[in-house]
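The structure follows.
We call the chains A, B, C and D, going by the order they appear; numbering starts again at 1 in every chain.
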Amino acid sequence: MSSTSEQGPHDGFRARLHTVIFEADTPAGRAFDVALLWAIVFSILAVMLESVASVREQYGLALSVAEWAFTAIFATEYVLRLVAVRRPLDYARSFYGVVDLLAVLPSFLSILFPGAQSLLVVRVLRLLRVFRILKLGHLLGQAEVLMTALRASRAKITVFLVAVLSIDVVMGALMYIVEGPAHGFDNIPRSMYWAIVTMTTVGFGDITPKTVLGQALASVLMLMGYGILAVPTGIVSVELANAARQRPDTQACPGCGTQGHDLDARFCKHCGTELDWKKV
Amino acid sequence: MSSTSEQGPHDGFRARLHTVIFEADTPAGRAFDVALLWAIVFSILAVMLESVASVREQYGLALSVAEWAFTAIFATEYVLRLVAVRRPLDYARSFYGVVDLLAVLPSFLSILFPGAQSLLVVRVLRLLRVFRILKLGHLLGQAEVLMTALRASRAKITVFLVAVLSIDVVMGALMYIVEGPAHGFDNIPRSMYWAIVTMTTVGFGDITPKTVLGQALASVLMLMGYGILAVPTGIVSVELANAARQRPDTQACPGCGTQGHDLDARFCKHCGTELDWKKV
Amino acid sequence: MSSTSEQGPHDGFRARLHTVIFEADTPAGRAFDVALLWAIVFSILAVMLESVASVREQYGLALSVAEWAFTAIFATEYVLRLVAVRRPLDYARSFYGVVDLLAVLPSFLSILFPGAQSLLVVRVLRLLRVFRILKLGHLLGQAEVLMTALRASRAKITVFLVAVLSIDVVMGALMYIVEGPAHGFDNIPRSMYWAIVTMTTVGFGDITPKTVLGQALASVLMLMGYGILAVPTGIVSVELANAARQRPDTQACPGCGTQGHDLDARFCKHCGTELDWKKV
Amino acid sequence: MSSTSEQGPHDGFRARLHTVIFEADTPAGRAFDVALLWAIVFSILAVMLESVASVREQYGLALSVAEWAFTAIFATEYVLRLVAVRRPLDYARSFYGVVDLLAVLPSFLSILFPGAQSLLVVRVLRLLRVFRILKLGHLLGQAEVLMTALRASRAKITVFLVAVLSIDVVMGALMYIVEGPAHGFDNIPRSMYWAIVTMTTVGFGDITPKTVLGQALASVLMLMGYGILAVPTGIVSVELANAARQRPDTQACPGCGTQGHDLDARFCKHCGTELDWKKV
């Protein structure tokens, strides 16, 4: 970063801008993040309120003004981000670059396509921008542990989902035959929706078995859901325990720098060097 | 405490009062606590019964008398507590001081504002007083382990809640567009309420998706809720396991420094040195 | 047992009877248990079928005959049990003695009090007799591990239940004020029922919040239920893990015979004797 | 396998056919598996779409053609499998042999018994064939860990199910007496269905308690379900943790015999000896 700051007055300005907008180490950077966080939260609250019919009728103009104000703020921010980075195209095509663009696009598009409701959802995607800001916060470490645990159990969760969907298809077809359209099981996709609602123990009750055989099948499915519910919980628990156990990362091998030794390890598992005891 | 008892007859009385009211070591203190516990339980039962229309009509007078009796008991207790402590203002402003005041205030306020129903809830807050008494009981150790586990997973739970709320907002907006006011998804806040009801697997069924796309989205949300449900469970499991494991941790082997011995261990499991007993 | 068999012909018969009826080691004892198990299962199926109106109308007589046949079998068994034990009164007052009596009593009482429906439930209690028989089976070990885990977490579960009930009372009172009788929250007990239905993620949907504030409160309660659901799961997981870990019991200390050492223990934690390595 | 390929041109062809159809090591075998996977998925999608009334009316002919095309594919595959194996009868009677036959049978039977809807479900069983293909994929290892965990907890899960069903029968009978047919608890089997719906926290809401006593009983059942829900989760968690821990267990240190090294360990964590690599 120090090398860039010597490339001219413009680059020095860009480097400072980059520090304020993209980093959170300096007071200015932190203030910018906090202000942006509030702008995002309020803009989403505005979108929510706008969807409430009674509020829209009464405060429609105020919400419209607020929406354009937030759009102006986010548009300015987007331009500043483009200026602050050295390769604007790379930023514009990155995940957060697209998200930042989506934050301002709907308002402009709503002029071209008035009344397009689906633009509303796109505006809600502004929420994704919160994650960039939170990423800089102190929650990073914890989120990483969670992500590690989830990533480690990805294969097991896939097996689990395939099994759940298979049971779902078979039970859906069975219930469609047993209960039939007369009791709300109109077709197999709808029966599968019911099977998922039942297995995940959500149980809306919009479709329920009425025949004795259907209720017996549903009971089996529910008890099975019970046991199956245990699998992802167990998976994540074990992986979280592993992730947590590997954190005593602070103890790096003096020989090869490897981390992640067990708490009771006396020798580095990679190079065999004796580990330092003081840390433990 | 022994020094205070020598400061005069009044202070001796106050010290004894303090022991009876605030401590549970003496027979008198324990009897006071048990009596207070029953008074709280019965006063809350009275509030509950009063809310039942048929009971109120038939036993309204008896409940009114009971309410004033409990108020008299709690008011006396409040005054005694003020007398018993050396800095009454500090007590009055403490958490339990406010709770104790709230236990008597509603009855007196109901004279000024007759029919104010919300005073009823305040009366239910008397329940919080139970915790002070239970704190003195034998459940303390267990509650502490639970609290330690919860406190240790606070950061992870925050990350988890942010993720849940984000999914909630996005899914709520999506369902508002897909299903719309015709199927009960009147606005985004209501859709978010539905999304929370669905993700937490509560599934009231007061609002349910009717379109095929809506049901497909709901199925995805439910299966996601499944996996997400596993995260807090895993977090708390791991932290509980840690909390349980860390309790005996203080006992390090004097010979080799190894920790993590069982609660009933008398000799180090690594080097056979006799362990120190005082800590356990 | 060998000493009792020498006390005369009657006692020899009683001892043999005892072996057949109370034990499951001999072929005769095992055959008796299996026959009794089927009798219990069929008698409960008969009670169930009798409760179905259409079946009762059509096969009422057959079910009545079956009921008296089962009663005759269980009555004979009860008398044989009284004969087989040396202290009949002790048996009659024991838990299983009462359960055995309850298995035959309802049929006789139904002559005195015709149409007493609640006798039906008592007949269902015959199911409890299954546990005596299963106890003798191979499931004993597993049930013991489960019971140990549950017993060990009793205190934590108590704390948990007190917390759940407290939240329940406060939320119930709050929802009663916020939603009121107009939306189904007729009184505080009913609101508490709703709060339990919601917190446990059952979500019947017979009572649901209609106001915005009520739905917001419900959302908080549901997310809280999420986190709270994790506590008993975590508790039982940890205790099950402990119970399972303590089973490597096979490794007894050669010095003092203590069991339950950790898997990586090299010295007995009780007496410091070096442990045998072959078993691990 | 090499010995069979020398038994003549026919056997050589059969061996090659076997490799393509039953194995997934060669490019041809892998291509065959992928093609089959898509055929199965599309044939099941066709069955699903056929069950939707509006789609059936509009695209009935196209779906009928597709169904016969899939039947032709699967029939050809079945014949090829019979040819490829050396003992066709053994294959035809094996689990997957029956599943493969069931994949083609319904279409032919539908000519004999027109309109037999239950044949539809049989067609859905084609899904089971997916598992054979997935078995050859990279998910095998993970599925095995899951299966080991489930098999290890079989006995505990049996105890758990017996306990759940017992509570279910007793609660079902109780609610039948307390609420009665007037509130939807028509008979004991239906009450048991309700009890399972409640205990598993599914909570459809098609049958709900209306009396105060019934709601109190339901509350107890729900809180009990809470605690009971924790048992299978705990069981599976512990077994998953064991299964995960036992995998690297085979790798014992040649120097000191310590086991339980991490999967990426190259040196013993206890004595620093280099570990053998072949096993991992």
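What we mean here is this: contacts are C-beta pairs under 8 Å (C-beta built on N, C-alpha and C of every residue); 3 or more make two chains touch, one makes a residue touch a chain.
Note that the structure is a prediction, hence the values are computed from the model and not measured.
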Over-half contact-pair match to C-D, picked out of the listed pairs B-D, A-D or A-C: A-D
Of B-D and B-C, whichever chain pair has more C-beta contact pairs: B-C
Furthest chain, CA centroid comparison against subunit B: D
For subunit A paired with subunit B, centre-to-centre distance based on mean C-alpha positions, whole Å: 30
Distance between the centres, which are taken as Cα means, of subunit C and subunit A, whole angstrom: 42
Interchain centroid distance [CA atoms averaged], subunit B/subunit C, Å: 29
Residues of subunit B touching at least two other chains: 189, 192, 201-205, 229, 233, 235, 237-238, 241
For the subunit B and subunit A complex, residues of the former touching the latter: 155-156, 158-160, 162, 166, 169-170, 173-174, 176-177, 181, 186-189, 192, 198, 201-205, 208, 212, 215-216, 218-219, 222-223, 225-227, 229-231, 233-235, 237-238, 241-242, 257-258, 260
Of subunit D, residues touching subunit B in the complex: 201-205, 233, 237
Residues on subunit C engaged by subunit D in the complex (per definition of touch): 44, 47-48, 51-53, 117-118, 120-121, 124-125, 127-128, 130-131, 134, 138-139, 141-143, 145-146, 149, 157, 161, 164, 189-190, 192-193, 196-197, 200-206, 229, 232-233, 235-237, 239-241, 244, 263-264, 277
